[in-house]
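Structures given as structure tokens follow.
The following pair of complexes shares a single chain, subunit A, combined with subunit B in the former and subunit C in the latter.
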Partner chain A sequence: MISMMQTDFLKIKRKGFWFLTFLGPIGVVALQMVNYGVRKEYLLQQSENDWLYYLQNISVFTPLALVLGIAIFTSFIASIENETNAWKQLISLPVSKMMVYLSKFTILACLLFISSILLMLFTLGFGIFLSFDEAIPWWELVKYSFYPYFAALPVLALQLWIATVSKNQGVPITTGIFGVIFAYSAYMLPDWMIWKWPSLMNQWDEPLINVLLGLGVGCLLYVMGMLDFTRRDVK
Partner chain B sequence: MGAVLRSEWYKLRKSKILPIIFAGPLIAIIIGALFNYDSMEGGFNKWYLAVLSMNLTYALLFLPLITGVLASSICRYEHQAGGWKQLLALPVTRGNVFISKYVLLLLLVFLIQLLYLGAIYIVGIINGFTDPFPLEIIWKSIIGGWLATFPLVALQLWMSIVFKSFAAPFAVNVIFTLPTILAVNSERFGPFYPWAQPFSMMYIGGSADDVFFVPWEQVLTVVGGSFIIFFLGGYIYFQRKMI
Partner chain C sequence: MEYIVETSNLSKRFGKDLAVEGLNMKISKGEIYGFLGPNGAGKTTTIRMLLGLMKPTSGRIRIFGQDIKQQRKNILAKVGSLVENPSYYPHLTAYENLEALRKIIGVPKQRIYEVLEIVRLTEVADKKVKGFSLGMKQRLGIAMSLLNQPQLLILDEPTNGLDPSGIIEIRELIKRLPEEFGMTVLISSHLLTEIDQMATTVGIVTKGKMIFQDSIETMRTLAGHAISLKVSQAEQAWRLLLANGMKVEHESGLIMLHESSNEMVAEAVRLLVQANLSIYRVEEEKRSLEDIFLSMTREDSAV
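So, the complex of A and B:
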């Protein structure tokens, strides 16, 4: 498993994966930099607690960046094998297909987790720069940085499934576009849709439910994807 | 030129692009059907409400993003197994190949816009609107939105020729499209951001004095200017690309 992941890390080298891992959180915070740069006075008047309001502003874009990032990453990692018809060679090695799939999933989960850590650091950094009056709400900061990640795991499992079994990568990308549109209109979606979860909204107003649902359904979709992948013929 | 365009059409017909084309109108219908029209009282024409709510996702995110998928799909045959070499070994000029791909993409986007018009109509029927259908205004929006995608399609075609995978041009597309959500809220930056133009030109609440919903100067400078930059960039890149 370790060597499997090492080869996968080697494969994603100089392909832009790390660049995107950094760009995602930077982009999300940079949008707020522009937002606060242009109309800071107005935004500070909007709420009693400026720190929380700032975190909420950040979290408007986090789900969108996550869902799109997942679509890009999964399609990317599948096309690395697709482009050179390497699936067959990879599978002919003495590794199980489950391991191949697990390794790809783990790699992407790692990259996205690093993104979440970076998101927390950048959010904190710019928040301190803005020098709000309130104390830093550490727990809220951690929540807004990592909860969306766990809630987005089902999307990752689903997109990886679609990307690995599609010959035409237009299919997973289009699914990703659907995903981001759902994530963008999360407020009007029913609670059972997985694309709503990263927004941390639900009818009970308890974000932890989304995290737990994300972990549970993420595992389920992962297993379904993996089983389907192992049963398919590699051409 | 005609022959190149025809061969592009043949390739396209076999590339299973139909589901992608129908995705947009489908999502528009879902959004339009979910919207609660009774919550808006005050004698608005209900068609306006429907179009405003559907545009919010369709023109803001879907239209700019799908241009990238179409552009990548149209270059997919060539990227697989040395297709560029075979295509360019034929007695065609690179310029003609580029232009016919571009023209075909514009036609596809226009088709999506027409289907979107149909989707608006279907949403109206589902919800049983009795107000008169504001055909002229909606046409303006459909054609305007189409014009606004010209530069985006050019950039995406360029990126799709550069990169083999679907994901890389899509990433470029996403990086420029996401800030639109903020840009359209800003009166200072919105008018100058090319990716915000599909939304601005489809926004039926804008002033209706001009031919489109945005002033002519903006159409010419922002849409026209970015179109020239992206189209020439792609054209020149393709001329010099090592195959």
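So, the complex of A and C:
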């Protein structure tokens, strides 16, 4: 498994994966840099607790960046194997197909997790720079940085599934685009739609529910995708 | 007799069509097995099943005496393959491409340099594969297939799309493998001449069915090349050879000799020379693969 992942890390070289891993969180925080740069005074008047208000502003764009990142990552990682149909080469090695699939999933989950860590660091950095009056709300900072990640796991599992088994790469791109649109209009979506979950909204106003749902349904979709991948003939 | 590859009643169905039907393939150790058949005959489909890439609709596959369904990983550890077009990662260098496989296979790094040397790509090891010519990509594909020092090498139309010098090079390479490395080789092609120049055993498949499987010599006899002779006086030459009990025909100024053993041709030439006839040309009339298929399927139904 370790060697499989080393191979996958080698394959994503020069494909912009690391660049995107950094770009996502930078983009999300940069939007607030612009926001606070332009109208800091106004924004500070909006709330009693400036730190929390700042975190909420940040979190508006986190789900969007996550879902977009997932769509791009999954279709990139599948395209690396699809380009010269390297699946046949890979699967005719003495490896199990489950390992092949698990390795791809793990690589992407790692990259997105790194993105979340970076998001926390950048958020913290710019927050300190803004020098709010209140103390740093550490727990809230962690929540806003990592809850969306766990809540987005079902989207990752679903997109990876679609990207690896589709003969036509238009399919995952289309579902990816719809995913981004859904994530953008999360407040209008019913609670059961997985694209709503990274926004941490639900009718009970309890973000933890989205995290637990994300982990549970994420596992389920992952297993379904893996079994389907294993069952199919290799292109 | 223990076979390296043995399939029994192997079939694969796509929708309504049977791409492979009741195939019984037998490959002994140390052979170069030529898997011959026109496009769409089911060669690639068969090879995909041998490699566990596709599940057979019915039938069994044993490689090294083990069932592929139960022992897939053990078997594949000793098999090298190149299926259809070579697979590679264009954004990586030749070395990195091999390294990506090596990490999974777990052979020493030294092996990368060895296989690069075998296919003569050492000089371009650190160049991205994106810029390689088709022949270089094909050779890289072969290098990949050799990386795990396989006991069985499966090459699906490895000379497809190569220029003549590339074809010769790969042919020479493949011929060396059984002796030098003790490998058994399965090589598919839709070209009779190609198989003719490499294989020791031949399996001919058409429309998913194996219609012939035997040594290359037996196939050559069956393929029955005719020899055509161009001589100064065709009519006279024809009578002379007929009078000596040979199976000859006389058509449009050419003498066609239907038994093409070396002795028979020598005898015919000797007779003509002794009769003071000038011989301008002695040529082998190659029969096309289609002709051979036709005659084989005819014989099938005749039996």
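Here is the rule we use: the second predicted complex is superposed on the first by the 235 of 235 C-alpha atoms of A that agree within 3 Å, B and C clash if a C-alpha of one lies under 4 Å from a C-alpha of the other, contacts with A are read in each partner's own complex, and residues count from 1 in each chain.
Following the convention adopted for this analysis, a contact is a pair of C-beta atoms (placed from the backbone, for glycine too) under 8 Å apart; a residue touches a chain by one contact, two chains touch by 3 or more.
All figures in this text were calculated on a predicted structure; none of them were measured in a lab.
S.K.: Can A:226 be said to touch subunit B (first), subunit C (second), both, or neither?
M.R.: After superposing on A, A:226 lies clear of both subunit B and subunit C.
S.K.: Touching A:29 in the superposition: subunit B (first), subunit C (second), both, neither?
M.R.: After superposing on A, A:29 lies clear of both subunit B and subunit C.
S.K.: Subunit B or subunit C: which reaches more residues on subunit A?
M.R.: If we count touched residues of subunit A for both partners, the winner is B.
S.K.: What is the contact status of A:83 with respect to subunit B (first) and subunit C (second): first, second, both, or neither?
M.R.: both
S.K.: Touching A:10, do we find subunit B (first), subunit C (second), both, or neither?
M.R.: Only subunit C; A:10 stays clear of subunit B.
S.K.: I'd like to know which partner A:96 touches here: subunit B for first, subunit C for second, both or neither.
M.R.: second
S.K.: Just checking: does A:71 make contact with subunit B only, subunit C only, both, or neither of them? Give me first, second, both or neither.
M.R.: first
S.K.: What part of subunit A is shared between its subunit B contacts and its subunit C contacts?
M.R.: In the superposed arrangement, which is not itself an observed complex, subunit A uses residues 80, 83 for both subunit B and subunit C.
S.K.: Could you please specify the touching residues of subunit B with respect to subunit A in the complex?
M.R.: So the residues of subunit B in touch with subunit A come to 15-17, 19-20, 23, 27, 31, 34-35, 57, 60-62, 65-66, 68-69, 72-73, 76, 164-168, 170-171, 174-175, 178-179, 181-182, 186, 188-189.
S.K.: Please give the residue numbers of subunit A that touch subunit C in the complex, ascending.
M.R.: 3-4, 6-7, 10-11, 13-15, 80, 83-96, 233-234
S.K.: For subunit A, which residues are in contact with subunit B within the complex?
M.R.: Result: residues 16, 20, 23, 27, 31, 34-35, 38, 60-61, 64-65, 68, 71-73, 75-76, 79-80, 83, 168-174, 176-178, 180-181, 184-185, 188 of subunit A touch subunit B.
S.K.: For subunit C, which residues count as touching subunit A in their complex?
M.R.: Within the complex, subunit C contacts subunit A at residues 48, 51-55, 72-74, 76-77, 79, 81, 83-92, 96, 99-101, 103-106, 144.
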